[in-house]
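In what comes next, chain A is part of two complexes: it sits with chain B in the first one and with chain C in the second one.
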Partner chain A sequence: MSSLLDANERFVALADAIAARDAHPGDAITSLRETGRAAFAERGLPHTRLEEWRYTNLAPLSGLSLEPPSEDGRIDRSLLESLATPVFACGLAVFINGRPQEALGGLPAGDVSLTSLRDADPGTAGRLVDVKQHPLAALSAATTEDGIVVQIPAGVALEHPVHLVFVSSSPDAPSVSSPRVVIEAGAGSRAVVIQDHVSVAGGHAHFTNAVTEVHAGANSDLQLAVIQREDDADIHASNVAVHQERDSRFASHVITLGGRLVRNDLNVVLAGSGAECTMNGLYLGTGDRLIDNHTLVDHAVPHCTSHELYKGVLADDSRGVFRGRVVVRPDAQKTDATQQNPNLLLSDGTEIDTKPQLEIYADDVKCSHGSAIGRIDEEALFYMRARGIGQRDARALLTRGFAAEILATLPGEALAEALTADFVARMTGGTGA
Partner chain B sequence: MAQSTNSEVEALAGREYEHGFITDVEEERIPKGLSEDTVRLISAKKDEPEWLLEWRLKAYRRFLQMLAEDNEPTWANVDYPPIDYQDMYYYAAPKARDELDSLDEVDPEIRATYDKLGIPIAEQERLAGVKIAVDAVFDSVSVATTYKEELNKQGIIFGSFSDAVKEHPELVRKYLGSVVPYSDNFFTALNSAVFSDGSFAYIPKGVRCPMELSTYFRINANETGQFERTLIIAEDSSYVSYLEGCTAPMRDENQLHAAVVELVALDDAEIKYSTVQNWYPGDKDGKGGIYNFVTKRGACRGKRSKISWTQVETGSAITWKYPSCILQGDDSVGEFYSVALTNNKQQADTGTKMIHIGKNTTSTIISKGISAGRGQQSYRGLVRIGPKAHGARNYSQCDSLLLGDECGAHTFPYLEVKNANSTVEHEATTSKISEDQLFYCMQRGLSEEDAISMIVNGFCKEVLRELPMEFAVEAQNLLGVSLEGAVG
Partner chain C sequence: MGDTLLEIQNLHARAGDAQILNGIDLTIRPGEVHAIMGPNGSGKSTLAGVLSGRPGYTVTDGSVRFEEKNLLELEAEERAREGIFLAFQYPVEIPGVTNNYFLKASVNAIREHRGEESLDAIDFLSMAKEKMAIVEMPKDLMARSVNEGFSGGEKKRNEVLQMLLLEPKLAILDETDSGLDIDALRVVASGVNALRDENRSMLVITHYQRLLDYIVPDYVHVLAEGRIQRSGGKELAHELEAKGYGWLGLDEGASA
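Let's look at the complex of A and B:
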């Protein structure tokens, strides 16, 4: 407990140091930092006695003595491409330790507008995330250096995905970066946004504490892929908040392949009738990593649909946590909500704590959820071995098949292929089968 | 069991009510409030041994500590004003009711409910407090004696908790608090300090209890007061089926009921515990009604042992109840079958915990929730598979049915799995009653109420069939009666 208190003090000091380093009174970042700092100073880091944090102990984080992010000049285009494959030509923006690198990014032309948060109107960021409810989002706001505002104008359909790459690097000391992404999808627009988190191998632990706010306008169609494949020493927290207007369609894909401790919060508010939401997730646990996914979909109005499928593969001594909450408000009749959380456990040291949760206050609804935890099907394994496929290959193939349901839904073949290859490499490297 | 013997036994039990408690009725109430003196006084009134008083006092101190630390559980999805623990009688003798001369004097509304439930006349009379015909009493004395003899012959001990403390202190001392320690939670600490009475059953090795231990208890349960304590021990290879509660509506002066039930099953033993609870749910606006805060837990200590909980919860303003199984023995089995119904402003937060410790342990959870009016209903369950529980298996299914647009149904399942060769499955659905089904039934001449009652019974069938035969029919009718006024 005392270490947590120490950590809180250190983190507040860190926020002050970052704020003092480059102060720009009156801009969007300054107001974000101030509200974040106030909320974090009041509540501090969450502890396991809070229901939302019951299974996730932040000791690895509170033990770090974090420095403000530094520049790392070693990152060039070829290193970037090796880390973030495939790198899309259109709409690429690159951040190193939370700061935009225009030289690497090549900000795009065309219909989408990518603006630095520094240049955005005050109040652009922070509208969707309640920092009093989310302590790590409060810390993220307090320590943010910059962010990006992605605006897709009304009626525009983007041909290529917008690719945001966040590279973290802590060569000298453990450091923190808190990038903020704001996506504003105009009415009737269509786009794919990929938020790709990678890190430079070696060096010290890096804590990425990202917040993404999505405003999905009426009848817009937006896909967001959040990809986490950082170094095994890194800590990652991600908070994605989505607000959906009438008839909008939003799909999120959260793929977690790396990081020592990963906590994802995804909160979707279906605020306009006819809105549809798809939440897909895949997490791979290897070594002694912990991956925690918390999702909340709030059916606030009638005639909305939500479908959620989070799949987990856990190997070695890794741990998975899943909590999916579906809330149907009193007037939200004709809601159709489904939720699934199947988990595949590959070895005995693993642990999964899952809590699929329905809260329903309306009667004319169709809601279901399911959760399953099991091992590789012995019969399927036998079938393959009888056909001359070795134990190791058969297991890998079956696990890959289990994950394919999520990976195949990723927007764009190139991305699906690259992540499938990465998944298989990490999984076979991890199980040691 | 034939219906006639059944009603006779009930009539007898009614007689026991009349006389068995006379000493209690004559005793004064212990004044309101909770203090060490209250605990000592309760213990003294029951003439308890020193160790039990010590145990009560430890529980009392623990309760005080929890009260000071504000440890009253607030995590449940229920809403009620704070309880003043000093504004309660902790030892109140049952109230003597005004006796009526015949059923004709009973409130016609209550009689109509009895008829709908299909309760035999003799039991109706007992419930309504009508003087029971002398011949019926004489008749049943012999029946009861036969039952008692039969149980004794097989070495089964069954009676009130107080009697067990006097006659079999070694058994009580060995097992009391061994499944639910007094410090388990806020309400168990309170119960352990001030429990008044309850039931005790001991089934010796290899004995299959020849009858449901229900018929007796039907009467005991209603009058043991608000803090009851039940302890059932099934020795190796024994079997017992136990039923508590009653389908008839029960009016009760006590708002707070905090009971504790402990079950112990040793090698190859099986305990089947069924509950039908229909306490006063409060009026249409949620005024009054019982707070039913119960801790029930069974330990499958032995290999291949089995504990099965079946509950039909239709009463009480607030239900807070999680009958659980601790599956310690290898190959042991836990089961939980539940129907919970909330109407008007009732709230229920109920479910189970299945703690898998031994190898190849299996558990099944079937929970059916029906929410009508402005009722709020939550399933809250925990399935924990420990690291050494290799080959464990769990299947859970929680379905909710919604009737009306102001009610709610919620599901809070916790699944914690700590090894890779276990299988856990959880499924839940929530939906409203199907218009097509309703139309189909009504088109064939059923009234809307009958049609709904029929559909609800179909929805609950998997659970109702687990109830002992003589209770299943009453439970079915009970669901219909409890839903009255929900449609319209």
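Let's look at the complex of A and C:
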């Protein structure tokens, strides 16, 4: 435990160093930092005796001597274009190591408003995430440097996605960045937001610790794609908290293709009746990477729907963790909730810990769940080989087929194509495919 | 002529732990159509599997030459690229991979092996369209996942479409007729016949004589207990149909 205690002290000192770099008492960031620091100082990093962290040991994180992020990201426009996922966007914001880069972003935002968290009202961020329950979100708040507030005005339908690109780079020492995204979807609005995490190759490990808060107004329609495509040395934590009002439709697409250690928390509260939520996820494990998805959907009121499908592909010695909680409160009658977690294991060295957790306190509900662990279908493999397709290509094609169910639902064909190509490249780059 | 496409000599093979093929001799020359008939469980699919390189079989004796090569040394995909095609008795469903993508990958794998340029999406589509018309394949089946939710007849048409696209030297059809109504059977047969020429050979496996009214064979062989019990011309099929497999002193009478 002593190393964990050391790490906790180091991380608090890190938060203080970051806060000292640019203090603006009274703004939204300062209040976020203060709450986060207090919660983190009290509880520290989670350990594996906590149920929520049983399968995910944060030793790779606690062992890092993290520095505040380099302010000189050494990134120009052409590097940015080669890293970012190609999206034809109506609004673009670029962050390097958690700090906004006005010079690199700056597409005309049109109907959507993109504001730096620094310029937002105090209290804009932090409303949906209880930092006492989420230790990494507490650390994120304590170490945040900035964030972005995406506001889609009531009744506005955006024609193209809002593209938020987060580039991380640790050229001189391991470092941290903790970007905050706040999305406010006005009543009756419609939008797609792409949260795109990439990193500059080489250098040291980077720890991205992102928190996203989504306020889905009544009858709004919002799709959020969280794309994690960092280097295999990097660590990524993501906490997405969603609050859905009456008749809103929200869909998340969490696509994890990179990162040595990735922990995703997705918490959705269905707070207004008639709300619908779709949670799609795809994770690819290669090498000895670990990818952990914890999701929670809280059916707080009657007549809501949630559909969750997370698919995992694990190669080499990688590990996957999936825990999906569905809570149906006593008066949440007529709830319709489904959850599926199929996993495709490409080698014997892989491990998956998958666990659904349904807590149903209402009686007139429709709930189903299932998890599955499968291998490449040998009959399908032979079918492809009998058509001249080589063993390796056939395996890749079958694996791609398994992932297609998620990739095909991504908003926008260009996005789906780019991520499919990256998925295939990373999968075949591993020895397991 | 003396040229031989496929030469099977004294072939013995096991499926899993069971000895199934007990000494098969068969020679196929370019342009010939051979039919293999036999009761259920006689080893027809085992023979097709051994020839196409399906995992799970062990050859315990004998040899198979295809053109100048020792066929048994080749991987399944190498056999396909050399020109062997197996139409599956049970075509496989592949979720998430569109028929179009699969067929294009297959055609290009074989073109690459032949030293030909690979086809782009547009060239492939125009080639596929022509062949789809022959087997009366609805267009929307190309955009769907391979064989997923296809009817029995659509699956078999898809097999023949693949054969038309790949233009093999030797096509092995494993009960391509089973489960087809007469219209589907005619479509499938016309697809097969479209490919017949003096250089292409076929091994048509069937349980029933019916298919052979449409695909008229040069030779008919009766397989039972892992051996070819009898060989003859196309009239052998009619004789079998009339008298049943019991006529040859075999256990299982086909109730065709």
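Throughout what follows, the second predicted complex is superposed on the first by the 426 of 433 C-alpha atoms of A that agree within 3 Å, B and C clash if a C-alpha of one lies under 4 Å from a C-alpha of the other, contacts with A are read in each partner's own complex, and residues count from 1 in each chain.
Assume contacts are C-beta pairs under 8 Å (C-beta built on N, C-alpha and C of every residue); 3 or more make two chains touch, one makes a residue touch a chain.
Because the structure is a prediction, the values reported are computed rather than measured.
By the document's definition of touching, neither partner reaches A:Ser65: not chain B, not chain C. More residues of chain A are in touch with B than with the other of chain B and chain C. By the document's definition of touching, of the two partners only chain C reaches A:Leu397; chain B does not.
Overlap of the chain B and chain C contact sets on chain A: empty, with no shared residue. For chain C in complex with chain A, the residues that touch the partner chain are 52-55, 75-77, 79-81, 85-86, 88, 91-97, 101-102, 105-106, 109-110, 113, 145, 162, 166.
Remark: chain A residues 51, 314, 330, 333, 343, 345-348, 350-375 touch chain B in the complex. Remark: chain A residues 377-380, 382-391, 393-394, 397-398, 400-405 touch chain C in the complex.
Within the complex formed with chain A, the chain B residues making contact are 75, 387, 400, 402-432.
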